[in-house]
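What follows is a pair of complexes built around chain A, which joins chain B in one and chain C in the other.
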Partner chain A sequence: MQWHTGLLSLLFALLLTFYKPVSAIYADEASVIDFHLAHVGTPRVSFLHAPVAGSGKLAYVGTEKNVIAAIGLKSGDLLWRQIVEGDLVDAKASGERIVVLSQSGTNVVLSAYSATQGHLLWSSPFLSQEAIEPSVSVSDVNAVLLTDGGLVRIVDLTDGTVAASWSGHDGITVYTNVTHTTDGHVAVVGTTSNIASSTLTTAILDARALALSEILVLDTIVTSPSDVLHLSPRLLIWKNGETLEYVTLGKAQVMELQAPANVGHARAFSSRTGRSILVQFQHSTTFYTVSAEDGSLVLKYTIQNPEGSDHCAYSAAESDEEYHTRSCIQGDVGRVEVFGVAEWGVVKSWRVDLADAHSTGHFGGVLAASSEIMTAVDGLVGRVLLVTVDGSIHLWRDSMPLWTRHESLAHTTHATFVDLPDPSVSKEVADEETHEGLSAFLKRVTRHIGEVHRLPAFFSGWAARFAQGEYEVSPTGISAAIARDTFGFRKFIVTGTEKGKLAALDTATGKVVWSQFYQGNAAVGLWTVRNASPDHPPVVAVLLKGQGTMDWLELNALDGTVVGSESWTGSFGAAFAIEGVQGPEDTLSVAVVSQEGALKVFPKDKGMQAISATFTGIRFAVTNGSSAVQGFELDATTASARSLWKIDFPSAEVIQSISAAGANHVASIGRVLGDRSVMYKYLHSHLVGIVTTDASASSVTIYLVDLARGTIVHQARHGDVDTTKTVSIELDENRVVYAFWSIGPSAGTQINVLELYEHEKPNQRLDPVPLDYVSRDVDLQPYVVGQAYRYPARISALATTQTRYGITKRDTVAFLPDLNMLVELPKSLLDPRRPKKDVKQMSTAEKEEGLIPYDPILPDERRWVISHKNEIFAVKDIISGPAYLESTSLVFAFGLDMFFTRVTPSQSFDKLSASFSKGQLLLTMIALCAAVALTSPMVRRKQLNALWGVQ
Partner chain B sequence: MSSSAQISKTAVNSLSSKASTANVANPPGYVATPAPSSKANKNAVATKQSTEDRDTLKVKKAWEIALAPAKNVPMQAFMMYMSGSSLQIFSLMMAFMLFKNPVTALSNTANTFLPLESEQLKKDGRLWLPKVCFVVMQVLMMGLGVYKCWTMGLLPTSGSDRLVWAERRTSDLLSVFAS
Partner chain C sequence: MLIRLLFLSLYLLCAAAEQVRISLYEQVDEGLPSQTPRAEIIYDTVSQTAETKWAARLSSIEGNLYKLGLLDESEKSVNGGFISQAARKLLHNSDGWQNIHEEVKVHLDKQGKPWKVDYGISTGSNPPTVIMVPYQLNGPSVSLKKPIVARPATADGEEVPEPEKTFLQKYWHYLVPIILVMLLTGGGSEAQAK
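Right after this comes the complex of A and B.
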């Protein structure tokens, strides 16, 4: 017996050395089965700038997602991007540097990046006394930074050191804007608020001798601080009642601007040099140039505004000559006009139709524009970078669209997978299913007879597919028909953003198929309410929250057309899908509850009655976002929700992450041990995992809450936690995985895994399945086993791979924010049953269960990285969906970037690998057939001779 | 025994009887030998005695046949132990043989003991016990096969085998965490 077990453990040890929990992705599949969309977010600042003098221009954007990035103008590709700490306030270009001003609270940071390469040159932090928005102006040699509403610093652009400073604090004046003037001074503009009126204060500082000294302080009376119209390197223009006044910086004389009567809607724009100024009034636009002699404004010309000119963006283009462009786009259609400064009036204009150019949807008008006008052989050529309201960036070269970046996708908050229609299931096939017996048979026979003409095509297609092994959609180009591929790898991902943009992505190409824009709304819920059938396209429903209004939209998921909608006024409390209740024609039911508790159920004609016929009760829970979870019950008779229970976590604790069990497919309700006994899983459809942090105690606490009863089923607390870093939790089946950054004995991510079982002993279950367990006054207590592991990288999002039947192993997908990677952590390593002993000491049963000895350190295994070479930024959420093949799970991560791939946690056991040599197999078969055909006459002759006794 | 067989026996007897051959000339080259009739009469008692001895021997032989599988049992058990409890082609083949051999042996029980059958033994019923013993031994071998299957986990005896039919704890109450 002794040598027997010895041999077994030796064999086991050998097996362990060959053990590969998950294999890396294959080189030929990288970038073919996956796609990565690198985003920057909606631009807050955008400009065109040549990083090297004389070279072509690039587009630079500083965005709401605090990204500074350079985009190539020809292709629209991202050349580089950096995430800035704090909120990005402004970005300016100075030669080969991009200067970025950012702020978080009282911390103001001025940093410079290489315009060509994007690496950080220097970063200078400044501590501000008050959280007043800072301002910066950049010249070729230095930057002038205004903080605290009056503290001006000259910052050397080569290393970020402060050369000189000036404080304009007099207790009542708040300076808000700063600029370099054309004669080398610095101008700061602020307001002094009095009771009756405001005073506009302009200070001119001498900045030439690397010291700041006041030259001139000018006070002018304005009605309100917002009356400052424009500050350019030469001029300051403001509104004074019904007139526009201006002053040349450095001079004390206030002058009145010749203007058409109504100055109420006036907006002014100047070029960077400030030589020309365009002022748009309500009905006309006037051009002024700055007089070289005395700096006064000279009216050049006035032209009437076109229709829809209140949705315009202005930009100036300086090359050899100055031009101004005006891009007026309402909805998706508009015009770009080029105004000459030397010449009179509009010198060039063209029509722009964003939707038509990309046939992908709606953009909501223009937000900002940057332009470049070049003189070519056949006249002027203009390139205009347009930022639209939804957040996208477009580049047009005259009337030709060059590219579009769907930057609104960086604001995605909701995403859902949509199955494409199966081309093999035709309408007739589906119709047959509804018949029975002879009529179904006759229908099938007639259908087959009708399809006979397709037989040759079928055979040739089959042969072609066999020869090529092409079972999947080609990753290049959208195929003509939107249809499911053989293995169901191709799906649409419909996304909803906080800006009201809805977009569908094709997983085969990673391209946006369609998009819709509902300005001023935020998507608060997104569901695939109906799957594709031969009669109907798949339908997604989105719940939009506006200013006091709610919109329910049902869209055809294949082309984005609205197939049903409802709007109402009210607040948004909660929305959830009611799994298990099918509405008319198999539509998923969704309940929407207002903050006051009023209930709406979609689809409308199904109503509450059908739901209450399926369930004895519907309860739901919501969190207030910080420290409490509240449970409600839906009342069918009054169509309202009433509060049922509330859990207040300790006041110091803040809810960080929540994960509910959901209605995923469970293949097996028990876990089979090595001796073939069963640990029954604690599968509790009402369970939700909540993780909170306590900053004062540096601790993290996990609660498993029974949603139906409002009781805490299990809780655990961990100390020595860095609560400023993200804590995430994932609950799936009977397994809870949560990760936090521990500063305990040694710093690192701690991943804890809990598995819940019905009973401590194998083969034991809890009481007989209680349907009415809510009314029983006992909690079903699980038996919890847990283990903790250390992982070197920080983790900020967790998900579990989902497959069609749930038979395949469920791996954990995690996002590593410091490394910008997605990893697939194998379940066999995150297994709380791993024995804490050596391989030699493990029992036969433990070995037969396939357990791996416990090791607290999870290795930094690069084969687990499923994002391979892609750098994925700021993932907020990861969703997983099943493919048609059981072995394969689709994974989609979104946040700033989007990344889609498919993983096979138990290897692709139901699919031949692409490298399988079909040719060799075929050749072997042919050779064997030939050999048999050749030798059979010989064998026959030999047998005959043997019978006759002839040698 | 069918009637046609009886007829043919009579025909053979009549052919070989002396009375009928007396008038027929012997074929050429036939050397007549003296009939052993007197000797047979003399040894009649001795023959009866040897038949009894032979029956005893036959019963002994029957017991040997019946107990032969029993001698095989330790050998089979050792082989079973050596092949282990894992599911492999050899252990599976062994388990299959442990079922196949007894079944074929049982179906051939009558044939196995046919050479040992005699009128007297049948009358005394002395072969009955060895036959039963033979059957018991084969069942024992089959039991060994069952045991082998059990060690390999092929018998649905453990909790995991009933897992498929175990019901999931369900609730008619729906509860959702709303986002």
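Right after this comes the complex of A and C.
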């Protein structure tokens, strides 16, 4: 026995030396099996700027996702990007610098980035007294920053230091805008509140010392600061009742602008120099130039607006001459017109059709535009950067589309995998299966005869597969553009965004296959409701929430066409799939419940049947405010949901997230221990994990709630937690993994794992064995094993790898926001049963179970990084889906960026690697056959001679 | 000093006597909660023990949902656990309450006040069980390794030399076998010596 244990220890130690939890991806697989889409988000500010004098221009965008980025105009490639702290308010260019103004409450930060490389040059924080939106103006040498509604600072662009400051606080004036003027001053514009009305005030300051030159209270009345239409380096234009008025900066004389009668919808735009100004009225647009003599505005010409002029974006282009461009795009179709300042009227125009240009979908009109007009040999050439309502960025060179960046994908909130149709299963094959006996045989023979013409293609395909080792290509001889590969690695990922954009990505290419845009709606649910069959394409359903309206859409997942829809008015409470009623070709039923408890089920009849058929009733939970969760039961007879229970968490606790275990394949209901005994898993399909944080106690609590009964099955509370950082949680089978930032006793990420079992002792089950954990009112108390580890990087999203049958090990995929990486943490290390003892002290059973001794720190193992060289920004969620091969799991992370890859947690045991030398194997076999053929007559002769006694 | 001790013991006595009274009310379907509590739990926060007095159930409990829990702020509904008539039927193949064992779990917040009641039934005729779940930091914690203590340094940052060991401390493992050999083998017998 002694030697047996000793040998086992030795073997175990040897095994540990060779222990390799996850191998890094192979170099030849990087960027082949995965794709990374780097996004910036919907632009809030966009402009074209040459970073180095005389060089080509780049597009710079500051976005709603608080990213500042530079995009190459030729290819549309991202040259650099940075995430700024707080909300990005404005971005401006000054020579080789991009100056970015951001705000987070009362914290205002002005920072400068290198326009060519994108690295941070300096960042200057300013603490303001009130959270009033700041304003900035940039010249070649300095930036003027306005904060607190009256505090003006001159910031040196070389190092971000404050050179001078001026306070305009007088108790009654609130300054809102600041600009450099053409005569070398700084103008600050604000409104002065009097008892009865408000007047406009401009303060003119010396641009170097910020010494006040004069304060001009303009002789005008404004109702709100929004009456100020435009502030250019020369002029200030505002609305005074039914007239437009303007003043030359530095002068007090108010002048009236010659304008059409209705100024209600007026918008004004000027070139950077402020020499020409364009004012769009309701029915026409008027161009003015600034008189060199007295600074007054001279009307040049007026042109009529096209239909739907609300969908127009204006921009000014300065080269040798000044031009203005107007891009009017309604839906996907429109025109870009170039207006001359020196010349009269439209000097160039072209048609734009965004949908036709990319054949990928809909964009919802134009939001903003930036342009560049160049003089070429054959006339003017225009480049226009268009930002569309859905959030995408397009570049057109005259009437030629150059590129599109689908930035709306940065706002993705929902995603689902869609299986593609199997080309080997045709309608005829499916039809055969419905017949029996002779008729089935005859059908098969007829089909085979019909398919004989594909035989050569099949053989050549088979040979090519053998030669190249690319088994993913199906050797059927059928060429289909959208078809599943042999191993099911190729899928479509359908995504829904908070802006109403739906898009499908092909995992083979990472490109957008189709997109749809439903303006003013947000996707609140997305399901693959029908899988592909020979008769039907796969169908995805999306639930959209608008202003008091709800839309249910069913789309063909392969091309995005709408195959079914329903709209209704009402609120949104919850939506979820009703599990357990879906056959292979059946349609998944989805229930939508309003906040008032009204129920809608899709498809109506089958869904209602499903609800009635469920003995225990369909139960679900919804968060109610920030600290309560309410449980409901669906009632098919009254088509409503009735409240069953409510959990009001203690007032200091705030719900951070809720995660459900989901319906994934469970391969084994127990965990086999080293002595062949079994710990039965607590597999509760209605278990939800609710994470709450308590800022006053610096604690985080994980509640495992039985949503059918509203009971707390288990709770785990931790102290010394930084509640301002994300707490991520993942439930899978009987396992809960969660991570938070611990502040004591030593700061760092703590990743915890809990495993729920039916009983503390092996081979014991709950008494009696529950067939369904929901169907009873008894508290089914699990036995919980938990362990905590430290991980050397912050974690903000967690997911578990899913495979076809669930036999393969389930690893945890985590997103590390500080390193911008995705890692695959092996299950064997994130195991709550790891014994807290030395290898030598471990029992034989523990060693046989393959447990690894406990170590408080999970190593910083770079072989676990599955995103390899890609820097993935701001991932919000990770989903995992099965491939056709059991060994392989598909992983898709989305947030600002998107990243897709496939992982093999237990190595690719069911697939030969591409480097496997089949030629060598074949040659060996041929050589062996030849050797046998050669030697067999010799052996036969020898045996015969031996029998005859011949030597 | 004596007075201080007296006060301290008085305080401890008071603290020890700190009790939380928890009343659990019943509700059937959407009806009003029961006038009198079904159960009164007196929980001692120091010894963490609970004593419960049970009263008879409401006379009309034949509704679909039977709830037991805390009265909510409006005092018009009970916030706690529930059992359905269907579940009772399933468990006992009857509609009655015979042979039913009730179990109540009361979750306490950090002030020691109840904030959530779980309620369930199972087969058995034992008296109802009450489990108190106090507020505690019960999540798994990291078992850090023992820190390696660095050698103390002087104010100048120089390492303090280790104190020199004595002769015995250094060479005891050589001496012990020698002594043992000497003791065990010994010399010849006294007679031989003579």
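Quick notes on this structure:
Note that in this section the second predicted complex is superposed on the first by the 886 of 951 C-alpha atoms of A that agree within 3 Å, B and C clash if a C-alpha of one lies under 4 Å from a C-alpha of the other, contacts with A are read in each partner's own complex, and residues count from 1 in each chain.
Note that contacts are C-beta pairs under 8 Å (C-beta built on N, C-alpha and C of every residue); 3 or more make two chains touch, one makes a residue touch a chain.
What you see is a predicted model; the values in this text were computed from it and never measured.
Shared-chain residue A:56: touches no atom of chain B or chain C. By the touch criterion stated above, A:105 is placed in contact with neither chain B nor chain C. Once the two complexes are laid over each other on the shared chain, residue contacts for A:711 go to chain C alone; chain B is not touched.
Within the superposed three-chain model, A:525 lies in touch with chain B and out of touch with chain C [touch as defined at top]. Once the two complexes are overlaid on the shared chain, A:680 sits against chain B while remaining clear of chain C.
In the superposed model, A:672 lies in contact with chain B only, and not with chain C.
Shared interface residues of chain A, touching chain B in one complex and chain C in the other, are 615-616. Of all residues in chain A, those touching chain C in their complex are 615-616, 644-650, 652, 694, 697, 699, 702, 709-712, 715-719, 745-746, 750, 752, 754, 775-779, 786-790, 832, 836, 854, 856. Those residues of chain C whose C-beta lies close enough to touch chain A in the complex are 65, 79, 81-84, 86-88, 90-91, 103, 105, 107, 109-110, 115-116, 118-122, 133, 135-145.
Against chain B, the residues of chain A that register as touching in their complex are 4, 524-525, 574-580, 593, 614-622, 658, 660, 666, 668-670, 672-673, 675-678, 680, 683-686, 688, 707-708, 762-763, 765-766, 769-774.
Interface of chain B with chain A (complex): residues 84, 153, 158-161, 163, 166-179.
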